[in-house]
């Protein structure tokens, strides 16, 4: 697996100003995989995504994406290499309408979905294309946040808690979407609190504690490790 | 025929129109200030000095190169905008991660330098700049004589304000700007060149100041101090409209021009302070400004 | 626009002293050396110049109480400085008050003005607070321009220096100098006490985390108002004293450029430090004094210093020294 | 202190020694606006004029060691009085020259009286310098608001401009200029139909001009100065006010202002001045030398600095010392002065230098043959008609 890794993170450290949040994250993701980062609040999951994306004010270590070391790059260049993020709390822009939000991230590679295809996948968005982005329901906003990075042509997606605060039926829909993306060849790193949801979509799970990866559990082994997982997550 | 507080309606009409003309300058200047503040979070205290520089560049184009008013209307803002870009790249961009205050102080220092240099080389009494011949003369509107040039000022400012509004609210580039105003880190992480947006925005904002300067050159004395006191008035306009609100800056600019104009009729001595009285009232009642989103 | 961004900056690198009853030895030593130096100063330099420096030092220190320790950027402090200078000049000239009473009168006026403006302004934050204070200061300026007793453009001129306590004539520059020294040095010491009192600690807590201070049960607005009034009062004391030194109250003192100048002095010296603002004031006043012969170049030179200061020495002179020494100054 | 004293004594001894060998030490301070609105009409040009006076007086040959220093008072009374005080107290200045801006001049006049120096004011306009605040050490050389009113105000009223409307800069100088002119207008059978107080400084005068236009006045009196006047005239022309028959009276107007406006806009304006470079051979010769050094024609203020300095040096030479300011001024009041630029000048007991004033009109573009060929003389006004009569309590020659 390690030779085919699309992303390899080694010894990633990160800081917000004075506070040291990542203390050496190590993990890797193979092409076509869906991987989750699990952990308690404040363990450093979101910071890890931001670290990969180059959005932390300061980071050290190694983040190799598709054979390229990106640790010295800024987030704009990293994005141009084919990584797209769907941030925590979705990052929908209030001053843009739905379509403007959709069109915002520039295309960085061929093969992105075009607008018609996106509206086909998410018909709600088409109906409300002229509405202000933040006037949508939470579920619609989440769809919008995922949809807009599908347009860019990036094949590697970072999704930060896409199910947070959403109704079960919508969570299910999102699960379906992720599964579909996987079949279309997308590679996805998912930060999740919702362990059940994670188990339904992911191939492997990394456990993050206090800014470090402390364990990895393959989805196939998950039933055997329920106790351990509960211990990590404090369920 | 009725009279309002002893002022005949014709006179009032005339004064309203004059207020609108002054408001045109406020609108263009405060628009530039608001655009810059919106995206860069910088209170551009050099705005008045750049307005002055715009007028001077127009004068220099005419006197050194023989370039007339119409080309200067494009070239002078361009020159001022490029100067702004240099300032942004070399200095301002180092301050974005800091508090507003530092941007304000830096640009205040820059304003002193720019004004001081022009004062040293061109003296203080001002330089003549003629109204372009196509706009000389005027029309009698019945209630007042409206010089053609003043009419042009209104038209030009409305075109520029509307154009800027359209660009920001209705175009792709404008969507980048609005999004970057809300969350520039995320926009950058989508692969949009935010630093480039910032520098272009500053360049554009300063070019607007330069444009206002060229507009002003034929009617006001072109002198190094012409922007010095204007800056705090224009800044007050931006605050009243709502910091960073494009529409707020434009509408408030015209509106305050008119209010100031009326004050000049009823209480001329007070016309220099009326804007601040309004600013105090607005901030105490509606702190985010008339058109601002609540923070 | 997020709320952190609109808050005035925290006090740079210089940490605040822990609350203590006594003054640390270093500060005691500095104050003592300073006092000795100032006592000898009028025999070395031109006394009126030295007095001007001291008045601005107190002004900057008063402003710093609000900005550096209260975290509130006022852009209208000229109102108290200039307002007090007018009242003090008027009291001395028209009512024949003795110098100390005139100064007291001006200071009291500044306190009242500070109370009114402060009560209206402190509910606003960041840049909005700065703009409200600017707006009120513009109104004070307008009043100074229009009111019959202020003499408009001429200001109040030929203010008699009078006899201190009705006894000691201040006509002599040296006598006046020691009066000014007592007032300004005393003022700065008093400000120092305020900063290092329990009140100063609460201010620090508010500046660093206002919501937490509220949750701890502090009436934040009352503290803010109090620090605002104190700052205005001492700014007034400085302005009133200046009017006695120059025998003049003029529009310059109330103009918005004066509000800008005091921000500059404070930042140049080191915001949130004890000794920084007076150092900044001394530097700016000296610069204006010695550069006066350069004519129009003064503004250029001043601008360059601004720019360099903002780009390279944001902590201010004393802030940088304090970091080197790893001791708060 | 001891060191300083010792140094001072040593220097004093040195200076005294030098004085015996080479004559009298005189230190002149040119205090004016070098960066603000009056920088062009006074500023460096006044320093140039003072230096020319020292040269032309042949001070060195007559045993006078004259040193000239200068500073910027920024039009602020506190800055100006600070500098003046320092000059007298710490730098041994004997006389202060120029001092435009009335508020600063009045402050400096007081300090000068206290220090027993001499104030040779050329730049300021306030009549208070020789009236309400007259001092035995003040000489007011070039012009004052009354003279301007008596020149422009009287001429225009007599020429049929009976109804006046004033645009007054809303500060002391503007009000005093308005008041003086209004008196002259009324004394000559005119009336004031309205005034508007314009905040100072202002850029846009259109609103006020419109009020003036609506008032039906024959003459719009501009009781302001510098950039304000320039802007007001520029805009009056734009709004067709002068074309419609109303006359503008720029009550205080300098050649640098006319130059800034250009004859196209300024043509036909009446103005009062004590000096114009193209008046006679002597003024032309002097102005040419001035032009070579300074790059612009001299204003009446700069010419006044020259001529006041000449008279001052003559008085110092006659007295043999510059130390007692009061005595030097008294001496100047005794002298009969025949000045190359101002002609016959008499310094009155109150310190008012009385000389002829002139009424000019700005030439039309057709008449103007060069960049600085700007004025046409209409009449001359004798000094006694131009300036206010002396107040008894201000006649220091009687005391």
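Every chain is named by a letter (A, B, C and D) in the order it is written, and numbering of its residues begins at 1.
Methods note: contacts are C-beta pairs under 8 Å (C-beta built on N, C-alpha and C of every residue); 3 or more make two chains touch, one makes a residue touch a chain.
Just so we're clear, the structure is a prediction, and the values are computed from it rather than from any experiment.
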Return the chain whose centre of C-alpha atoms lies at maximal distance from the corresponding centre of subunit D.
A
Using only alpha carbons, which chain's centroid is the nearest to the whole structure's centroid?
B
Need the CA-centroid distance for the pair subunit A / subunit C, whole Å please.
53
Between subunit B and subunit D, what is the gap in Å from one C-alpha centre to the other?
37
Centroid distance [mean C-alpha coordinates] between subunit C and subunit B, Å
33
Quick one: which residues in subunit B touch 2 or more of the other chains?
116, 119, 269, 272
Do you know which subunit D residues sit against two or more other chains?
35, 39, 170
Chains that touch, pairwise
A-B, B-C, B-D, C-D
Applying the document's contact rule, which stretches of subunit C touch subunit D when the two form their complex?
43-44, 46, 48-49, 52, 145, 151-155, 157-158, 173, 246-248, 250, 252-253, 288-289, 292-293, 295-296, 298-299
Residues of subunit B touching subunit D in the complex
11, 14-15, 18-19, 21-22, 116, 119, 123-128, 130-131, 138, 144-145, 147, 149-150, 219-221, 223, 225-226, 229-230, 261, 264-265, 268-269, 271-272
Residue numbers on subunit B that touch subunit A, as the complex places them:
172, 175-176, 178-179, 181-183, 185-194
Residue positions on subunit B within touch of subunit C in the complex are 41, 43, 91, 94-95, 98-102, 105-106, 108-117, 119-120, 232, 235-236, 239, 243-244, 269-270, 272-273, 276-277, 279-280, 283-284, 287, 295
Give the list of subunit D residues in touch with subunit B in this complex.
35-41, 170, 196-199, 201-204, 206-208, 210-211, 213-214, 226-227, 230-231, 234-235, 238-240, 244, 256-257, 259-262, 264-265
